[in-house]
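Worksheet: one structure, shown below.
In this document, chain identifiers A, B, C and D correspond to the written order of the chains, with residue numbering beginning at 1 in each.
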Amino acid sequence: MQSPRPAGAPESATLLISCPDQPGLVAAVTSFIASHDGNILHLDQHVDQQENVFFMRVEWDLTRFKLSPADIAPAFKAIADKYAMQWQLHFSSDVPRMAIFVSREAHCLYDLLSRYTAGEWRVEIPLIISNHPHLEPVAQQFGIPYHVFPITRETKAAQEQAQLELLKACGIDLIVLARYMQILSPEFVAEYPNRIINIHHSFLPAFPGAKPYHMAFSRGVKIIGATSHYVTADLDAGPIIEQDTVRINHKDSVDDLIRKGKDVEKLVLSRAVRYHLQHQVLVYDNKTVIFA
Amino acid sequence: MQSPRPAGAPESATLLISCPDQPGLVAAVTSFIASHDGNILHLDQHVDQQENVFFMRVEWDLTRFKLSPADIAPAFKAIADKYAMQWQLHFSSDVPRMAIFVSREAHCLYDLLSRYTAGEWRVEIPLIISNHPHLEPVAQQFGIPYHVFPITRETKAAQEQAQLELLKACGIDLIVLARYMQILSPEFVAEYPNRIINIHHSFLPAFPGAKPYHMAFSRGVKIIGATSHYVTADLDAGPIIEQDTVRINHKDSVDDLIRKGKDVEKLVLSRAVRYHLQHQVLVYDNKTVIFA
Amino acid sequence: MQSPRPAGAPESATLLISCPDQPGLVAAVTSFIASHDGNILHLDQHVDQQENVFFMRVEWDLTRFKLSPADIAPAFKAIADKYAMQWQLHFSSDVPRMAIFVSREAHCLYDLLSRYTAGEWRVEIPLIISNHPHLEPVAQQFGIPYHVFPITRETKAAQEQAQLELLKACGIDLIVLARYMQILSPEFVAEYPNRIINIHHSFLPAFPGAKPYHMAFSRGVKIIGATSHYVTADLDAGPIIEQDTVRINHKDSVDDLIRKGKDVEKLVLSRAVRYHLQHQVLVYDNKTVIFA
Amino acid sequence: MQSPRPAGAPESATLLISCPDQPGLVAAVTSFIASHDGNILHLDQHVDQQENVFFMRVEWDLTRFKLSPADIAPAFKAIADKYAMQWQLHFSSDVPRMAIFVSREAHCLYDLLSRYTAGEWRVEIPLIISNHPHLEPVAQQFGIPYHVFPITRETKAAQEQAQLELLKACGIDLIVLARYMQILSPEFVAEYPNRIINIHHSFLPAFPGAKPYHMAFSRGVKIIGATSHYVTADLDAGPIIEQDTVRINHKDSVDDLIRKGKDVEKLVLSRAVRYHLQHQVLVYDNKTVIFA
């Protein structure tokens, strides 16, 4: 199912840019857009004063824009080269394709699929991948193909290879780990740099790794949280996209922490997915700039 | 006491602009800055799609800027006129002068003066005005002149006139009502449009007027709040600058609500004052755009 | 589907009590429980000092309790009468039956059914009622009977009567209005006093009635919220069970408010339902005591 | 200055109890109170099901209580011994004496002294101790003696000894480290077990030790926090009393994190101090039960 654009929203183009800071950058980009009669819908920029790096996101209306989508990148290249920009160009008419990975916990999967079915995002979800058959009934409820890849130490490399082939065949742009309890190999991660979003059930960098709710209970913290981040080769150490927290108290057992934490996980993961789908995320120096 | 700029922060100029939306606005403003070798420190813009109004805040480094401060406004006027812009130009080197109005509650006054004394803001506070002598010892603790203007129905007009004369004599740019329990007359308000900041001890528009904590207790709400807004002729109905909330429960008496509310009032008022002092607020249609 | 008790949780009894405050109340109730070898799992009490009313919730383990469930109420009656207590006795082994009412918005329905299917609550949901056929596919996804009662001004009384008959036939204990956009008649409400939970999409008492997100946008608030309350004959004025808020800013359109608000509505409604199902709510003077 | 009791609040006694869980504990304690005509103002209990430990706080009105304060402990001892209780008995008429330790940061000191001067707490603050002369003017503003103990590696032991003598001479019950940048020796800590409250400027266990805001900036977290805890011999590892968080984003420099964090530190520390002064904290197994 393809989620519709909000009623009346025009088709748009979005540029994400980073480069060494210097005078004239915003003027150069916005003059380019204005010179072809583009009207800016959103513009946000940021300068990391410490590192002297410039970041920018600009989205403009294509309705009266004089350049065709295919001509924009070639025309912009001259500016990009002049300022040594790293840049991405996205079109709202391109609908991203997203795969969901799950294990046994259903809450994030339900949340993602409910938003998808309700048309909250402009995305296609052509498949769900799991290392367990456990959640297949949920996939069936929502009519989405569910692929099981059981994983053992011996089969891991081969199974990841099979997963990658399936993902490529389905034209997947984004992978969402919705409480997928397997660690992806560095080789797998390298195939989707900054395109694999994980939800970790703690307020990182507190309680990385396994059983964070048990650790939080044991330490006696008064607030727990969840963290959504891009997956890198370092476990739970990738660029953080979004975090949130919820208050707990001494009456809460580990089961209560798990229950309260699930609601935070759902919110945090769905916000991170939305930021990514809207091209609002720029990764730099293992951190994220979120243009929201 | 003049609060220092953060170490190493360059002197800067800030433009706040609003005008009918059309293509080329950002390009026009940023090209103006770039053409005189200005480097942009912060740029934020917003388009109200419903009303077709464009808003922008841009702050740039004056260190290598080719125009002297006095020449900027005349030079920018051509652009502003072309696009029918309403605009303000501010310089970080101009230190605003702020008056605080209080009645009997000390918590916001302590909070403002502690921040002032600690150098958190670049501002001068040359006087405190009150309708009661009650808080004079606090003013003395911080070494700030304290002026008492007792107010009755009969004396109100004359006392407000006397207050205005004192404020003008002190060159006051901004008035902060830190739980000042008198309603300012429309005539007084008209002298400082969008330059009088009030803190109301409820989450507006819930519980306007007197005794909001008592009303919140009586209604049985589970969260209370505070609201900072510019004062207009309509009581508690001016443009909202900042709000925040805190959770309460059935165990909390009215006294507990007052106690918990005070902490929210302090935070909300201090954030609103900061936004104003940093020229991050644009008022439009009885609402605020906060470029933070 | 009946949701299981958490592994290892013993079957328990819960007393909810309110009465005029006086010395000896806690001693009387807890001595009753101790005298029959009951071990207290949770005890919470509250005294409204202003009204001089005592409230108490006590839950105890039935495993070694000497009285059979059927004998508890008769035995406790002597104490209750002595102190003029209003009281309810609940057993964890009694699984409540809950009906969901919806109109066109799917998000709360998805959220409730996902929690139900995942076994988060000990409850039965034997039916969904709507004034529209719109959400029948969601009901089918989760395998729950969906009954459509179209309502016009002329048919309202008859349709409500038909709904009531269906609810009685299904043994419904609790009705949850999950964005049901019809106002229930006082006659309907009187059939389920303090047993109809509504979610209103504003931070009450701000923005009661229709289109609260539009009103919030128009007023320019910086935070929006949602409120879950028991339905009374007065629209949006019943006892508040739970509220929560989320921060917005000038960039958010009405559509953004609706989107962000949905996430708060889901959380607030699900927490209120949980409190009710766990017998943690006492209603008094149009307010709630939440023993959580 | 002694802060007054809230108008009309009766003098009360508070028992804090922990012991192995078993049936009859609440009945035993509340029957003791009722048998002497005590009326309970607040009662809260908690059972750690995992460890089988019972915790209770009960506060009762002494107005009509038949036992004199001096007779309560001897009378209660029989019950306490029977159930192997650890217990503390506090009277609202006993005003605790609190010392504040500071270094160079003024914000927490201003916050504590403002609350003290405004009568928010029933406490005496007879002295402030620092390793620097820097904040003496703040102490003078509030009229509180300020003692400087410069500390080097060589003088540390002797200076701590001198501090302890001063604290004993002043009858100090509670020490509050309001951003005191010296690590107390285990010997010092042992003199005030669970009576030294520290504020750490991170969301523990994330970022313990020095420069937590710099570490938070470097890691790219989206939320920062503060933690108040009892000081133990292990650095930043004592029982957590209170935590809170605040959202940040990529625009925030380290200086912004420090500024936003200060507001959280003030709130968290003041809440922790209040819990302690109200005898609402029970420490168990390096965690706290907060009866609030």
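The criterion applied here is as follows: a residue touches a chain if its C-beta (ideal position, glycine included) is under 8 Å from a C-beta of that chain, and two chains touch if they have at least 3 such contacts.
Quantities reported herein were computed from a predicted structural model and do not represent experimental measurements.
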Interface residue overlap between copies chain C and chain D, same or different (over half shared): same
Most distant chain from chain C, judged by the mean position of its C-alpha atoms: B
Gap in Å, rounded to a whole number, between the CA centres of chain D and chain B: 35
Centroid spacing, where centroids are CA-atom means, of chain B and chain C in whole angstrom: 42
Residue list for chain C, restricted to those that touch at least two other chains: 49
Parts of chain C lying in touch with chain D, wherever the complex brings them together: 21-28, 30-31, 33-35, 37-45, 47, 49
Footprint of chain C on chain A - complex, ascending: 6, 106-107, 110-111, 114, 117-118, 120, 141-142, 255, 259, 263, 267, 270
Residue ranges of chain C in contact with chain B within the complex: 46, 49-50, 203-207, 219-223, 225, 239-245, 249-251, 253, 285-290
